[in-house]
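Two complexes are shown next, each including subunit A; its partner changes from subunit B in the first to subunit C in the second.
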Partner chain A sequence: MDVRDLRVLYRESELLHGVSYSFRPNAVSAIVGPTGCGKTTLLRSINRLHDSTPGMRVTGSVTIGGEEVYGRGVGVRGLRRKVGMLFQRANPFPQSIADNVSLAPRAHGMVSRHQVAALVEQHLTLVGLWDAVKDRLDRSPFHLSGGQQQLLCLARTLALSPEVLLLDEPTSALDPDTTEHIEGLVKQLSERVTVLIVTHNLAQANRIADDVLFLMAGSVVEFAPAQTFFQNPADERSRAYITGRIG
Partner chain B sequence: MAAVSSLRFPAPHSGLSRFDDGLDRAQRSPLIRRMRSGIFWGLCGLALLAIIVPLLDMVWTLISQAAPLLNLNLFTHGSAIDPAHLSAPIGVEDGILGSLLLGLGVLIVAGIIGVLAGLYIVEFAPPRPRAVMRFCSEVLSGVPSIVIGLVGYTVLVNGPLQWHYSLLAAVISLSVITIPYIIKNTEVAFDQAPRSLREGALALGISRFTTIRKVLLPTALPGIVGGLILAQAIAMGETAPLLFTANWTDANPVLKLTNNPEPYLTGVTYNTLILPYAQAHELAAAAALVTVGIILVLLLLGRAATARSKRMTERMDL
Partner chain C sequence: MILLRRRAVGTPPGPAPAPTAARRERDTPIGDAVTQALTGVFGSVPTALLVFILVIMAVTAVPAILFSGTGFFGTYFSPGNYYLAPTVHNGIAAPHTAAFGFLPEMLGTLVTSAIALALAVPISVGGVLMLTEWVPRWAQGGVGLLLELLAGVPSVVFGLWGVLTFGPFMLSTVSPALTGIIGGFPWVFPWLPQGMAWALLGVAIAAFIIIRASVHGQRRRRFRRLALVFLFISLWGAVAPWFTGEVNTAGGVLTASLVLALMVVPIIAATTRELVRHVPVLAKEGSLALGMTKHETARVVTLPYISTGVLATSLLGWGRAIGETIAMFFIIGNIFTGIPVNIYHSGATLSSLIAGTLDAVLQAKTDVSALFAAGLFLLVISLLSNFGGRLIIRRVAGDQALPVGRGV
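Presenting the complex of A and B:
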């Protein structure tokens, strides 16, 4: 996955100043940086979530598997099927637990009616939620704990079999146990999915990332393998950020 | 409040606790605090009584005035009063059937137009048309109902369309009155759906139509149904525009859209109250009581209709 000279503008102000890098496929890349540096803006340009925000403009190029995301004639819905996203706060739909998982695959015509139950079980099992919810699949998801709701959202995203997974601080509101569980899942998923994770938590980046992209004020400071970044950063600002002198 | 602005900390060794900053004592000042609290709760109680007492008084007055007629005949006999046979059984069958028919008509006409217009305004319209439509809807909701009745009379009943007094003219006039309420309720209902839900659906590549139907509608449904119920209550209770468009009859309604006067409950009250017979006055009260009863039933139906979507959204952070 390649990003070339990506600029994002909101009205008159430029939020990202020409970001370029190549993400390794089937690896976990962490995007880190101080608050307001453009991490989430970058993540949201990859599945074109800025399209629906009035005043947002994106220039430059993003390619996934050689195909231009911002190219002419690209189906945004098809793109978002292949590029799944998990948000900072769990946002289950006001539908039953089972429908939460099956809604998107059914909307994309990926499953027939009699495959739905198997699809739901498969993906709830994948995220480790099946045993907890198998007896209340037709109940509201809002009775689940925050962590379980986030896992449900992950199952919902995975049910579309995405090729890329965008995670926007997915564990910042969760307890340590669920965080560890999700980190394990992400690591395991990255064997077949390219993962981009925005995180504030450097320890988390250190635990799960293969590569780290360090952003400051809308520009890339450093893009390096995680080990290099954390042990021997090339840029003085990276060193300052890692050691907590800036943040 | 004064205590907050004049925060004073006691000098050391003054014999007071280090944590005593004077605030607690100010709040403990018992008489004023209790009086304030008493006045506040007293006003709350008065406001509550101001709602409940008139309602109970009205229902009780209607029941006591309609008492002689409160039996099954009320639902099986028409409201025609024969001065030669005043002891003959009378009821409001025609009014009930007529009002339900009007309500159904309004539900179809105003329901469809109002919900679609509200949905368009909140989900699809570009800013300028949206502002224009909102403004028009607000102006319309401020037009007195008798003016709408008059316009209905000059255009539909006796104007170019020549429908004469009719069900259709009445339904359209009532719809014009109720549509702004349905639009407003629909708008608010969709608008309060959290942004995170829309983004979640967007990020899954779900189409706009499916998003509205499956993701936003469950949170919006109670509000939409609330608007429809309100419209029904208005349709049941309005009288002025119907005098111009439905006229009135004490015969049961027939399924004829034009050229046929239409019975309705408030028309029974309006037309029998002026008759010089005790039975007629009892009938007026009975018709009013049934009107209130139907509105109550509508409210309960609305609750039942939204129960499922409420179950799916309870405990959701809106």
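Presenting the complex of A and C:
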């Protein structure tokens, strides 16, 4: 997955000043940096979530598997099928737990009616939620705990068999146990999926990332394998960030 | 009030030393007490007024109720003849051959408001969704302004328009077409007599409630679909006959219902617009990020989020529709010819009856009392709808269902 000279403008101000890098496929890349440096903006430009925000303009190129995301005639619908996303806070649909998982695959015509139940079970099992919810699949998800809701959202995303997974601080509102569980899942998933995770938590980046992209004020400071980044960063600013002198 | 005051005057929390009587005095600042008294008085004024009105109406209505008994649910209303000897019944004297049967007016009120709501709710919700999701932002303000202006049109203007412009148009074009189309399909359910259809409707509604309470899982969807089919068939069988037959007036029940719908739309739409605006962006993005379209997002996320609120505002709109007087008086008039044979017929609502009759019967105490009884019935319906609405909302928002603006 390649990003070339990506610029994002909101009205008059430029949020990303020409970001370029290549993500390794089937690896976890963490995007770190101080608040407001454009981490989430970068993430959201990959699945074109800026499209629906008036005043947002994106220039440059993002290619996934050689295909231009911002190309003419690219269907946003198909793109977002391939590029799943998990948000800072859980946002399950106000529908039943089972429907949360199956609605999107049904909308994309990926499952027939008879396969729905199996699909739901498969993906809820995948995220380790099946035993907790199997008796209340037709209930509202809002009675689940925050962590369970986030897992449900992950199951919902995975049900579309995405090739890329965008995680926007998915554990920032969760307890340590669930965080650990989700980190394990992400690590496991990265064998099949390219994962981009925005995180504030450097320890988390250290635990799960293969590569680290360090952003400051809308520009890339350093992009390096995680080990290199944490132990021997090339840039002085990276060193300052890791040691907590800036943040 | 008394309860409130006691709680407020009690000892403050915390490990304070046991206060003497004098200290306790000082613990309650005088300003608090004054504010509490004032807000208490002002706060209880509306409740007191409501109770006062209810009591006065009930007391005034007693003679007519005694006079008619169950005759209130009769189909004939007449103030009676003032020049002949009064009729005495149950010890109450009323003008000669007076009869206070309100059934046509009760039905008129319920039917016009029901048709109005059945049209206004989907129009409002659909219109608002279209407005917020598809109309460009710069145009939204303009359309919203028009909507608010519509809410500000005095009902007398709606009445004039309805009786002079819209009514004749209905008479010449819409009603004949409608009765032609619906009457042209008698073969749809010829085997289903209307009475049976009503019974079936009851069964279908009961089935919905039972399914909701007892069936879970994947089977529920299938059962619900079945119940929905039954609901549709019985609803059609029960209601369709009323939409057939001759068209006899410009100011029929249907005309009144449509004008009423127009008057209710701004109320429901304005609230729905606020509701839609408050659906969390995060919730919608969750759907968009899965590649769902705007339309799917509206159906899957926005509609469930606003449903309870829409229910509440619909009941509010219903209250307005029930009470609406002057436009109804203009359009549907005040015809005491029993229950209309179809919805193209003229009829009366409780409010149009009161408005149209009061002036003529002021000298006859029992006639006035009968109008108060009609008003009492109106008041009780709107109070019941209000309480019922609250109950539904609490039930819906309480346990199973999907809350408004909660969870995300």
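Rule of thumb we're sticking to: the second predicted complex is superposed on the first by the 247 of 247 C-alpha atoms of A that agree within 3 Å, B and C clash if a C-alpha of one lies under 4 Å from a C-alpha of the other, contacts with A are read in each partner's own complex, and residues count from 1 in each chain.
Keep in mind that, in the parts below, contacts are C-beta pairs under 8 Å (C-beta built on N, C-alpha and C of every residue); 3 or more make two chains touch, one makes a residue touch a chain.
Only a predicted model underlies this, so the values are computations on that prediction, with no experimental measurement involved.
Under the clash rule set out above, the superposition-derived model of subunit A with subunit B and subunit C contains a clash between the two partners. Touch criterion not met for A:45: it reaches neither subunit B nor subunit C. By the touch criterion defined above, A:107 reaches both subunit B and subunit C.
Once chain A of one complex is fitted onto chain A of the other, the partner contacts of A:95 extend to both subunit B and subunit C. Counting the residues of subunit A that each partner touches, subunit B and subunit C differ, and the larger count belongs to C. Contact with neither subunit B nor subunit C is seen for A:171 once the two complexes are overlaid on the shared chain. In the superposed model, A:78 makes contact with both subunit B and subunit C. Of the two partner chains placed around the shared chain by superposition, neither subunit B nor subunit C is touched by A:199. Superposing on chain A, the segment of subunit C with clashing C-alpha atoms against subunit B, chosen from 96-104, 186-194, 204-212 or 222-230, turns out to be 96-104.
Judged by the document's definition of touching, subunit A residues 47, 49, 52, 76-81, 84-85, 87, 89, 91, 93-95, 103-104, 107-108, 140, 142, 153, 156-157, 160 lie at the interface with subunit B and also at the interface with subunit C. Interface of subunit A with subunit C (complex): residues 47, 49, 52, 54, 76-81, 84-85, 87-95, 98, 103-104, 107-108, 116-117, 137-142, 149, 153, 156-157, 160. Within the complex formed with subunit B, the residues of subunit A that make contact are 47, 49, 52, 76-81, 84-85, 87, 89, 91, 93-96, 99, 103-104, 107-108, 140, 142-143, 153, 156-157, 160.
Listing the residues of subunit C that touch subunit A in their complex gives 137, 216-218, 220, 280, 282-283, 285-293, 296, 300-301, 304-305, 400-403, 406-408.
Residues 194, 196-197, 199-207, 210, 214-215, 218-219, 309, 311-316 of subunit B are the ones that touch subunit A when the two sit in their complex.
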